Amino acid sequence: MPWDRNGMAARAAKELRDGYYVNLGIGIPTLVANNIPDGMTVTLQSENGMLGIGPFPYEDEIDADLINAGKQTISELPQSAYFGSEQSFAMIRGGHIDLTVLGAMEVAENGDIANWMIPGKMIKGMGGAMDLVAGVKRVIVVMEHNSKDGGPKFVAECTLPLTGKNVVDMIVTDLAVFRRPDHRAPFELVELAPGVTPEDIRVRTTARYV
Amino acid sequence: MPWDRNGMAARAAKELRDGYYVNLGIGIPTLVANNIPDGMTVTLQSENGMLGIGPFPYEDEIDADLINAGKQTISELPQSAYFGSEQSFAMIRGGHIDLTVLGAMEVAENGDIANWMIPGKMIKGMGGAMDLVAGVKRVIVVMEHNSKDGGPKFVAECTLPLTGKNVVDMIVTDLAVFRRPDHRAPFELVELAPGVTPEDIRVRTTARYV
Amino acid sequence: MANKHYRDAAAALEGVLFNGMTICAGGFGLCGIPERLIDAIREAGTTGLTIASNNAGIDGEGLGKLLRTRQVAKMISSYVGENKEFERQYLSGELEVEFCPQGTLAERCRAGGAGIPGFYTKTGVGTLVAEGKEVKTFDGEDYILERGIRADLSIIKGWKADESGNLIFRKTARNFNQPMATAGLICVAEVEEVVPVGSLNPDHIHLPGIYVKRMIVGSPYDKKIEFRMTRAREAA
Amino acid sequence: MANKHYRDAAAALEGVLFNGMTICAGGFGLCGIPERLIDAIREAGTTGLTIASNNAGIDGEGLGKLLRTRQVAKMISSYVGENKEFERQYLSGELEVEFCPQGTLAERCRAGGAGIPGFYTKTGVGTLVAEGKEVKTFDGEDYILERGIRADLSIIKGWKADESGNLIFRKTARNFNQPMATAGLICVAEVEEVVPVGSLNPDHIHLPGIYVKRMIVGSPYDKKIEFRMTRAREAA
């Protein structure tokens, strides 16, 4: 039985450590916030200029000056801090964020990631994704193992324009977890969703892994 | 009759304009602060991280956390603002300061300035001088026309290691004022101290000027 | 005494606008955008604008207003979703777009304002963003050269300013307003309130007055929210 | 929950020091220097240090303490006057010194902390500082390439911090503490007071807690003044 969206987020959340500063992408990665173990201090960064993202606000707390990078209203925490975009990305690009969890359209066996552009379709832009994959200490991708048409997403080589080259450290799909110890090593299949076999993964993946 | 130290500072102060942000070097340039015309708003910047330098404090106001770039105790003004060194020099190097007044050991006819190092003597360092001459919109040098041994200081070519290349816009000495409209033009003798003749300047200067 | 406080946005922009100029605009999405100044630029009808701004507004809001009137020739942005008119002009070739990673955009504007014409970054190495850019290796890793951005004008939105132009922002409305303010030859700010000098703590200033050449009070603001999210209160 | 608040300077530096390491130290002159941490490094006896700091203290004060014990192999500084022991070691060749313009030093440390391995600046072009550095022309003007600085450790002095490490500085004691804090793989801060989270306004934080890995309260401080200047009160 494959993991559902929350299951994938919960698996990614196992990589959190006490004291971590973390940036979560839009979509499934956002759900990681709901899976932070009790008693663990994890501080969420929002690239529009905030450390310490709180939950969505109560109706009477809504503040147009307080949004996350997805432009959703949020709330602040006692330990929150605000700063400008130049400082926010100095933090991201300088390697001060411990972990980022992002979605992807493709990840290649060499750690390349594509998640910002489909040629021929309207280009919306990369936002902060290129900065995050280039700068954050550890990059975890959470994505469906296969696209809606069944095609592989963990591939030998990305076919879409890259967001970053050789930057992904770990992949959590609905079927399995792949990891590599450093950017020279190949990905290793380290975990399977309940009921999923190594063979299931083999036939649905074009990337080489060990 | 040559200008005295305060006379030189007063002459430099004539270059101030309402609304200017100004950085003053140590020594005679500091005296420019006493010559700001009444009713004119001039904000002084201190490169250790302050806009709006106030006068020396009263004895009971002294605060070790409040000093200028010369490490002297100062006071704050209602319009003061503090910031870090990286922001302070972003301001200086980004061309946001309108005017700096500095001392010099030598200025050359091509606008080079030397004011930080005498070979063979103990080197104390350039501090912020190289940043100021490279970044501030207009650089005025205030110096004695001749050194203590009578040698020229406004020279054909600097003999001492440079602080900046082709950066000086105006020179105020105890005898005369030289100015140039841009960094391609030669310096022009535009003013003489009372009783000083053009011939006095000619024999005491090795730089070419018009 | 030098007076920075102008009557309204049109007055604050007088003599500053010209066709074909480059503008750095603060804001993230619709949060902390210089609404009044955008309106005044629309009224002035200045055309052929190159605008560096993280986003391009949405239809009829923010910079979307200047797109609708076709005053914009080129955008330098990191993300331009949520904007149908933008999409139409972009796909038809009327509007030029330079996509720039968000952190690179913030750093390029800070750099421009700090006298740095170029810097190296790992962001975008090996991607479309690196095309035509110098690559240099430092300590065995590749970086690309990105250029500082200087603009003819910066337009920003702050919360409060004192009469000398010292300015503070509020919460995440700070965002790009800080780096954008430094990149323009002239920076015009709109704020919710101007207070006398001495009202703000000198340790709390986000943008020292040296950067703010002209300012206006733009209140009252009807701040737009793009995605209004809430949670329910637990029953007592 | 992660605890950043250590008992004293020795505890906060435990496991962090090693011979031959590079340290970025905040402070300007004797203003805003991490006194307690300097004392603890002296006690630890770590040698062969490379220290990036605007100044090198004065005799027996600030970094002058580590010079006296000959723990420093190299200083990267902009100004080192007012220090006889420094002068002796420097002239005898015991101590290496890299002079770096003050703004370049601040920017190099900010750059190192921001993932920028190099940037171009006009400061120092055509001077001794440019020797051996790449020169590049942008828009007809020459600039030199300066390198970002990353250190093994940053030591800084703040005014107040909350328990999560969010930190604020006071007046001109901020100076180099801000850029230096970002350049170290680990930043250890000493402050005058640690307050509970929620005590500081999130809009007033100068250094977000992410940079501060460990901290101590160093009070009471006996802040030294290099040049004590005053004016007389006018008679009533």
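By written order: A, B, C and D. Residues from 1 in each chain.
Just so we're on the same page, contacts are C-beta pairs under 8 Å (C-beta built on N, C-alpha and C of every residue); 3 or more make two chains touch, one makes a residue touch a chain.
Everything quoted here is computed from the prediction, not taken from an experiment.
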{"item": "Touching groups left behind when subunit D is ignored (all other chains fixed)", "value": "one piece"}
{"item": "Farthest-lying chain, centroid of Cα atoms versus that of subunit B", "value": "A"}
{"item": "B-C or A-C, whichever has more C-beta pairs in contact", "value": "A-C"}
{"item": "Distance from the mean Cα position of subunit C to that of subunit B, given in whole angstrom", "value": "35"}
{"item": "Centre distance in Å when subunit C and subunit D are each reduced to the mean of their C-alpha atoms", "value": "32"}
{"item": "Approximate Å spacing (C-alpha centroids) for the pair subunit A, subunit B", "value": "53"}
{"item": "Gap in Å, rounded to a whole number, between the CA centres of subunit C and subunit A", "value": "27"}
{"item": "Contacts with two or more other chains, residues of subunit D listed in rising order", "value": "107, 110, 114-116, 121-122, 169-171, 174, 202-203, 206"}
{"item": "Numbers and ranges of subunit B residues touching at least 2 other chains", "value": "76, 82-83, 87, 89-90, 93, 134-135"}
{"item": "Touch relationships between chains, expressed as pairs", "value": "A-C, A-D, B-C, B-D, C-D"}
{"item": "Partner subunit D, residues of subunit B touching it in the complex", "value": "46-50, 55-59, 62-68, 70-74, 76, 82-90, 92-93, 112, 117, 122-131, 134-135, 161-166"}
{"item": "Subunit C-facing residues of subunit D, complex", "value": "107, 111, 114-122, 136, 138-139, 141, 143, 147, 168-171, 174, 202-204, 206"}
{"item": "Residues of subunit B defined as touching subunit C within the complex", "value": "18-19, 21, 39-41, 43, 45, 51-52, 76-83, 87, 89-91, 93-97, 134-135"}
{"item": "Footprint of subunit A on subunit C - complex, ascending", "value": "28-32, 54, 77-81, 87, 90-91, 97, 99, 101-107, 109-110, 121-129, 159, 169-179, 206, 223-233"}
{"item": "Subunit C - residues contacting subunit B, complex", "value": "1-2, 110, 112-116, 162-164, 166, 182, 196-198, 202-203, 205, 208-211"}
